[in-house]
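By written order: A, B, C and D. Residues from 1 in each chain.
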Amino acid sequence: MATPFTSKVDTLRPAYGFDDISLAPGTDTIDPADVDLAQDFCGIPLASPIIASAMDAVVSPTTAGLIRAQGCLAAINLEGLWFRYADPAPCFAAIAAAPKESVQALFAQLYAQPIDATLIPRRIAEMRAAGAPAIVAATPQAIGTYGDAVIAAGVDLLIIQSQVSSARHIASGYAPLELSAFVARAGAPVAIGNTSNAAAAYALMEQGAAAIFVGVGPGNACTTREVLGIGVPQVTAVSDVAAARDAYLADSGRYVPVVADGGIRKGGEIAKALAVGADVVMIGSPLARASEAPGHGYNWGMAAPSPTLPRGTRIEVGTVGSIEQVLNGPSRVTDGSENLIGAVRQSAAALGVRNVRGFRDVEVMHAPAAATEGKSWQRGR
Amino acid sequence: MATPFTSKVDTLRPAYGFDDISLAPGTDTIDPADVDLAQDFCGIPLASPIIASAMDAVVSPTTAGLIRAQGCLAAINLEGLWFRYADPAPCFAAIAAAPKESVQALFAQLYAQPIDATLIPRRIAEMRAAGAPAIVAATPQAIGTYGDAVIAAGVDLLIIQSQVSSARHIASGYAPLELSAFVARAGAPVAIGNTSNAAAAYALMEQGAAAIFVGVGPGNACTTREVLGIGVPQVTAVSDVAAARDAYLADSGRYVPVVADGGIRKGGEIAKALAVGADVVMIGSPLARASEAPGHGYNWGMAAPSPTLPRGTRIEVGTVGSIEQVLNGPSRVTDGSENLIGAVRQSAAALGVRNVRGFRDVEVMHAPAAATEGKSWQRGR
Amino acid sequence: MATPFTSKVDTLRPAYGFDDISLAPGTDTIDPADVDLAQDFCGIPLASPIIASAMDAVVSPTTAGLIRAQGCLAAINLEGLWFRYADPAPCFAAIAAAPKESVQALFAQLYAQPIDATLIPRRIAEMRAAGAPAIVAATPQAIGTYGDAVIAAGVDLLIIQSQVSSARHIASGYAPLELSAFVARAGAPVAIGNTSNAAAAYALMEQGAAAIFVGVGPGNACTTREVLGIGVPQVTAVSDVAAARDAYLADSGRYVPVVADGGIRKGGEIAKALAVGADVVMIGSPLARASEAPGHGYNWGMAAPSPTLPRGTRIEVGTVGSIEQVLNGPSRVTDGSENLIGAVRQSAAALGVRNVRGFRDVEVMHAPAAATEGKSWQRGR
Amino acid sequence: MATPFTSKVDTLRPAYGFDDISLAPGTDTIDPADVDLAQDFCGIPLASPIIASAMDAVVSPTTAGLIRAQGCLAAINLEGLWFRYADPAPCFAAIAAAPKESVQALFAQLYAQPIDATLIPRRIAEMRAAGAPAIVAATPQAIGTYGDAVIAAGVDLLIIQSQVSSARHIASGYAPLELSAFVARAGAPVAIGNTSNAAAAYALMEQGAAAIFVGVGPGNACTTREVLGIGVPQVTAVSDVAAARDAYLADSGRYVPVVADGGIRKGGEIAKALAVGADVVMIGSPLARASEAPGHGYNWGMAAPSPTLPRGTRIEVGTVGSIEQVLNGPSRVTDGSENLIGAVRQSAAALGVRNVRGFRDVEVMHAPAAATEGKSWQRGR
């Protein structure tokens, strides 16, 4: 036995999710009225650091306008129902009405309808008419086919999003999207996601990404992790990509905002994402619960319709209040799912934080949420 | 890529809650009759290290007297129902009777009634008449308005308590309370809370705080942590502030007691708080369960009535026995929620501890309470 | 701020319970038939390393004989019903029949009956007649009163057991038991428990203890830990006291066996206790489940009858099989609660262990039992 | 006290299971069509890295053929019903129909029927006729009796499998199997399992093992761990044995594949096993759920029939789809239990992995699956 044993598990890096950490107050507090959450995001003024996910159950041209009226942003899904059907309302109604055992087949059928290129300028015009910047999200495959049509229609921000975005995609059967070249001719900012890896994010910034979306199997119980074994707890992923952003800024002088996408449902999670370096968070389910959401109290992910390896399915999220209540309150519930922006402001005040970037100075503790304490008599403090 | 990546999550400090630790016996034991739990607390003699929380469902002038009769203390809430209504009994009855879905609106309505300054001397006189020292708790905002009236009425101890107390509060719209100046003119000891940060606590001691209350989102499952992302597990918070107390004592010669406020429901948690440096613990829910408690078997925190971002709500805690039974027994239950002081005395005996400060010599182990063992056949030992 | 902050929680030692560890096979295996579990225990030959707890629901003179017939030992409780009542059968029947809400009061009443000194020689004779060595357990208080009577009656082993046994007990109101002197005049081996501290155990060995019982709040969910805050997870406690035993052997040449008492219900836990240094384990509930057990399917600890601070209560453990089945099988269940000795033998075989002390060479891994895997489709391997 | 205390628990090595880790994407991705999962396994071409467990409820000669048609392999159990009964169909029907309380007795009765040596060549011929290589698994005891008959019948691969396989088995009552000698005369590759120890695996390779099966009490909640205290979480076990394989390759030039056997039910777990060094995985329950499986929706382990210390029992796994659907899809469920190979391919693509060995370059994070997040609103991403 000449060669020593080197077991891979002896050098595992620990990774953290939202439930693993907590924010610790310091020596200062600040009046909530003195907290300013505004920033510039890819050239778009953003009053509060929230973008609605490009999910069919969340963002329509109409809800994009309502969300913008609350000082936030919304992305629409180029491969969603709004670009496949002139009137997708019957699709949404059918999904909401379908029995559980047949909804997966219904997804497969509805999403088999091809994208209708004529709807691209129409939806973009509708978003603008509703008062919202035109933000469109699509996979690299769809960008390959419809990218020029989207550019021609004029967008304020294009998000190229896939389950795992890398700095280099290898394919022998087709020519992968050349990001640098596409960015050069797009004439609009192009954000990229999702990634969780600092080196990949840095390379994407070098290729011209306007923003990086972070989130790959971000939840400890998410389907991607069960089906594929892949997932980076979101706190670690955001912290790592934020480190790449800071390094790229130091090296290039360009600031590329980082968007925490996935695993965020409550005000506390937004504050935590900002504290580990996010500029903005992307949320889906909290807004799918709004009364105006297209999903009628249901939500589903982009991987749900897959005909061969579905991951995720239709989830009943319920309806809790208006988009205004979800984002800016007033909240009538006590679980943190309403008045998300008010919660972030109050959190900033208690932490002595003046603005979004100020969250990065807050001490983050490793403090796992214990299941055992959940049954205690609770206190309001 | 010239600049190395520095990910914030690579240097997280672990934080501990009550369920994460356990106390380990040493080489000595002592007869329970030889344990002496008495101390001086801000000039008030205290037979047992327990203060009742300034929660409406717990402390009225009457229960303050009953709690004092058991050798403990109680604080009354200046912003509670007792200072808004000459006769708050109908309020308590309405809260207990309200259906779950409307209780939050009822809170908002009842607590919208302004504070009646004429009730300040009246309640203080009632506390004294019941045999209790006059201990009043209030937020900095209320102190700004009613502080002089409270001082004029004569208090034994004033507790300025907010969700997060800092050493420096920044506000452009109003003049924050100047603690040093207020302490100088108060003519009574002024305690400050809640904090969880050693540096903030040290600065508050320098500003004249008579005692420091510790507890910011202390429970791993508490609402503050979900809604705001903020929370310091209580064992770490108490240990840190106790370290500041010891340093301040070494530097100044003045001893500022530390009160563990939050997350304490059982005798074991009191012993643990003392072992990591608390002088006293503040408890709410265990006393809300007493038959004489004003809450009729319910409890709610101060943040529950918030009209825009309610955190916490009415909790049904039930009624288990008299204040005497809860504090000094005899206990008829086996879960540690009655005879709290007897339990602390017995714990001290088994640990060879002679008095409250003696707990600090006890070894504390990191020994998380496992959910899996909860279903085992239990033993009485 | 001249003095640095030193927070006690920054140096917590991790402690382990049975569910936190697992035993790892090595390079050898052995035929189960070649495993020999016998040893000498305080001068008594012991075929298998199990002693039945001195609990009323477990050990009567009759069951002591049945347990001995299986190659194990049993201790009877000097302060139990067998020494208070000439015929305790009606007591056991009443406890089994009592409704849940009144059982605590029934305990208090039944155990208020004084010890009848004339029953001491009678029970000892009954144990011997049943074929069992006379092993009696009692608290230091009872030994103070009845110790000489027990010695006069002739015992094979006396176990002085209290919730926490220290090397030095301090009491101003009475003269604590002088262990060295008592051991000197006892004329029989005197074992001491329970402790969890290596230094205390070493001192007790110096004072003449024949064996050390280990277990103070050994379970992560045990009542002592909730009520008093005290508890040392059993794996750490046994490992620490075993270290003291080994050091004392090196220093004095005398070998003092270590008994793991508490938290053991299954074969796997016995193997783990032996692997971290126990010579013997003491078990209660697994034997309370035997059809011949006095408790009629119930069990209760010695602290349950306390009139002021009851800890633990009557637990329904059910009845699963005979004492023979529980100890030597055959087992008809698959959860490890029957054929405990067969399981230890099979474990030894798979680990390449030839005898009880051989377990100490087995690698112990930190491998917490995850709640999440409990729902998986199980496999028999 | 001259000798210092050395407590064994102060040097515990942490061990990891599948739920403790997650795979992290890197800088590259790859088109799923460019992933090639094929390899040579003990001289048999294997399109996908899956072998069906030698469990009666999973592998018959017929299902061995169906599994081979999907590019995988299957092992048949020499001590199973197929080698005890000319027609075992009535046995399977009886097991599926037995009430829960009598199934253990039925197991004991059915498996008491002796092995019929005339069935050995018959079953091997049936496997070949069904298109499957003849892979037979048996314990060392059975190999001692029937090994030559199996060799004479001609097998493609023989797996000698016991609960814990060591490099050296000690027995005074019989002559243990001499592995080196048996391998020399077998004329077919001989794989050995199960082990979890690197040194034992290395020694077995030196003795001529063609492959090493890894898995000893691999699940955190498995019966072996409860009953015997023994178990090595599978990620650590596979990683350790893979380290031995790499060392043996460096020392000897011979490559001995490592098979992760146990604890694998979903695509994510296969990807994780490959990432820590497995060449192949062995799965049972996922295939017991196939409509063609002999177990009629039930599964049981080899230890279940033990008449004295049964571990594991009949588990109802249900029936979800065909063998083709389980292995190659299409999947109609979203929990990762169908289209296992498709999931591995998709995982490889997202991780930039070109083939089975490429998984070893993937970063593995310590990222425990939290129970608390399980209740979140899920997302498909």
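The working rule: contacts are C-beta pairs under 8 Å (C-beta built on N, C-alpha and C of every residue); 3 or more make two chains touch, one makes a residue touch a chain.
No experiment lies behind these values; they were computed from the predicted model shown.
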Relative to chain D, chain with the most remote C-alpha centre: B
Angle (degrees, nearest 5) of the CA superposition of chain A onto chain D: 90
Type of chain B:chain C copy interface by residue overlap (half), same or different: different
Centroid distance [mean C-alpha coordinates] between chain B and chain A, Å: 39
Interchain centroid distance [CA atoms averaged], chain A/chain C, Å: 55
Multi-chain contact sites of chain A, meaning residues that touch two or more partners: 15, 199, 236, 368-369, 371, 374
Chain contact graph, described as a line, ring, star, complete graph or other shape: ring
Listing of all chain pairs that touch each other, if any do: A-B, A-D, B-C, C-D
Complex contact set, residues of chain B against chain C: 15-16, 21-31, 33-34, 198-199, 202, 235-236, 239-240, 242-244, 246-248, 250-251, 266-272, 275-277, 329-336, 339, 342-343, 346-347, 350-352, 360, 363-374, 376-381
List of chain B residues in touch with chain A within their complex: 1-9, 12-15, 17, 19-20, 104-105, 163-174, 194-197, 199-200, 203, 215-233, 236, 262-263, 265, 284-285, 288, 299-304, 307-313, 315, 317, 368-369, 371, 374
